[in-house]
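First the structure, in the form of structure tokens, and then the observations on it.
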Amino acid sequence: MFDAEIKLLRENPPLVHCITNPVTINDCANLLLSCGASPIMADDPMETAEVVSSASALVLNLGMPNPRKLEGMLTAGKEANRRKIPVVLDPVGVGVSRFRIESVQRLLKEIEFSVIRGNISEIHALCGIASSSRGVDALADMTQEQIHDAVHHLANATGAVVAVSAATDVVTDGLRRIHIHGGTPLMSRISGTGCMLTALIGMFCGVLPQDPLKAATIACALMKRFGEHAALMMECRNTGFSSMRRYLIDTASRLDFLALQGGFHIEDW
Amino acid sequence: MFDAEIKLLRENPPLVHCITNPVTINDCANLLLSCGASPIMADDPMETAEVVSSASALVLNLGMPNPRKLEGMLTAGKEANRRKIPVVLDPVGVGVSRFRIESVQRLLKEIEFSVIRGNISEIHALCGIASSSRGVDALADMTQEQIHDAVHHLANATGAVVAVSAATDVVTDGLRRIHIHGGTPLMSRISGTGCMLTALIGMFCGVLPQDPLKAATIACALMKRFGEHAALMMECRNTGFSSMRRYLIDTASRLDFLALQGGFHIEDW
Amino acid sequence: MFDAEIKLLRENPPLVHCITNPVTINDCANLLLSCGASPIMADDPMETAEVVSSASALVLNLGMPNPRKLEGMLTAGKEANRRKIPVVLDPVGVGVSRFRIESVQRLLKEIEFSVIRGNISEIHALCGIASSSRGVDALADMTQEQIHDAVHHLANATGAVVAVSAATDVVTDGLRRIHIHGGTPLMSRISGTGCMLTALIGMFCGVLPQDPLKAATIACALMKRFGEHAALMMECRNTGFSSMRRYLIDTASRLDFLALQGGFHIEDW
């Protein structure tokens, strides 16, 4: 599966510019390298516009934000938009502070995103932010169906593909809604699985700049597979979560084999 | 051993806000996740007060300080104090610069700490700082007994439990003095063992907010055990120090089993 | 091989002050610790001059630069020069932005370096920067011989030993040109191999402050060996690139044994 996309990845390995979270910056760099892509990390406004101009994709990760990095993101994101380079947003912990909410508001206002990826609570918060008429907390009372509507609304309001990470990932462009099953709850016991998935989406956006829905879907499916393998190896070898993180990045080294093997559980694809 | 405390940890996994050292930030996050707690990293004064307000404990680590991060620490620490959220200090390398000394002076003046943890030279430096009448270097000439007195004085002067990491850890609240034996000198060959121990103390302070002496003691005892296991595995598998670090975090995944197993060497407990 | 130098390393383990790249800061710290040296990371101008004053060597790595860190580098570098402490430069990605080029120009103008290490494209860019009469891009059209001339010119212009990382590393002081064979192209699939090599050069400069040519040569030869071992272990154990990075740092724990074993391919030494 994903033969054509993996072939494109191998023929033209993307350079992925990440303005990202210091907690997981090394994991993101190593995951991209393991997959055969090239990461470039640069976050200061003195250079982000220039750096992104030679990149295939830009990933903006809101973890550990500060005003200067936000300027770096805005500068890079606008330049990427001008050059039609896909931009991916990970609104890490957007609900935890007014500063993160306002940062995301500025990013959504000034930059066009190809994909927005978050966990359920981050996407919830984002739905509230994007819709000016309701607050962040208003979503707490929503039903599953209302949440789905809100996610579709977020995709439509931003023009971005929205990817929600959960037991079953949901990826939507506001028209189609794709479900990706698999993975393991143990992924929440290692840091950086969300950040790495967003970097992976960035990588596939670099490969498929015209098809962010497919890029996000493939990345979500592969990450679930990486996690399954890593959890299995942790169990077999009776190790622990630090080893599981290593197995996960190791597994990414075998992207081609995993894709060939198939067996992904993607619904409405 | 520690059954009641591990039970509390499992029933109500703490959210630990770390304003910490970029060198070891990923290790601290992964150690906390391995133990079943949740880390949140945020260091900018734009958001630290808000972030800490939903946390169970706050960890301030002085590694790689800068003025903006110091503001983030002060803002968070004061808010934590207001909300009775325990605050833990790790005065990393406090002796190496005037800026670190002045930073610690401000932190000690404006924030009440539940626990202060450092190695002998850091705690020495801190004793000098806390006592205005003598300089940092004055401690160099002190005897072991005078050092113990100084540590007790530090505990009394700050109202904090003081934990000194060494071949035998010493934990004191200014009244009782607990000794924790074990561990391995090989822990000094991997980066982050001190930072991770401080994060672990933060985690147990989140579990036992009323008993920082017990929180620090349990964390010190467990970290020594993690290190022993990791060193043993490194030896058995004939690997090296990068693997040892991995084994250490892996071992934290088995916190419950280790605690159950017992065999900790805690004196005057 | 390198018996005398390893003996010096063991007798007087250097303290290496790194102002470095957040992507690989943890790897650099752990590599130095694995080798038996002590890393100290500090990048704020509030403290870098003071910190370097007790160090054996200073490593300046241009990854993820920002104006404040640049000030930290300038302050530390000038103090190191005053105290005759060797300074090593890694011009990470110097070609990617005007800011990195200008940063390197200031560093080269205000600081005397013992060693400058980079990959071919970084050293190319640097040759153009050091020679005011030609731009960065002018080197694109140069022949291999012209490049060698430019590298010699860079060494002569800066007074530094220049180390170029490639399939065969080249180390020159402007007079002698040493070639180091070995290593593996797989090292480009893990992040931080360049940064770690530069840290290793810093460590050996701390051991051999009077002989940066030898320091750089030994570090390059050992790093190629670390990489060969790591790649072999990855293959034997059928793991992946995250494991390879671990094996590389593990291998550094056995520095003495590797050096004893010999078999390095160093030409014109």
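Going by the order they are written in, the chains are A, B and C; count residues from 1 in each one.
Note that in this section contacts are C-beta pairs under 8 Å (C-beta built on N, C-alpha and C of every residue); 3 or more make two chains touch, one makes a residue touch a chain.
None of the values given here were measured: they were computed from a predicted structure.
Visitor: So which chains count as neighbours of both chain A and chain B?
Guide: Touching chain A as well as chain B, we find C.
Visitor: More than half overlap in residue numbers between the two sides of the chain B-chain C interface, or less? Answer same or different.
Guide: different
Visitor: Taking the mean of the CA coordinates per chain, how far is chain B from chain C in Å?
Guide: 33
Visitor: Residues of chain B touching 2+ other chains?
Guide: 22, 26, 245-246
Visitor: For the complex, give me every residue of chain C touching chain B.
Guide: By the definition above, chain C touches chain B via 22, 25-26, 29-30, 33-34, 36, 39-44, 46-47, 50-51, 54, 68, 245-254.
Visitor: Under the touch definition given earlier, write down the residues of chain C that touch chain A in their complex.
Guide: 21-24, 26-27, 63-67, 93, 96-100, 188-192, 239-243, 245-246
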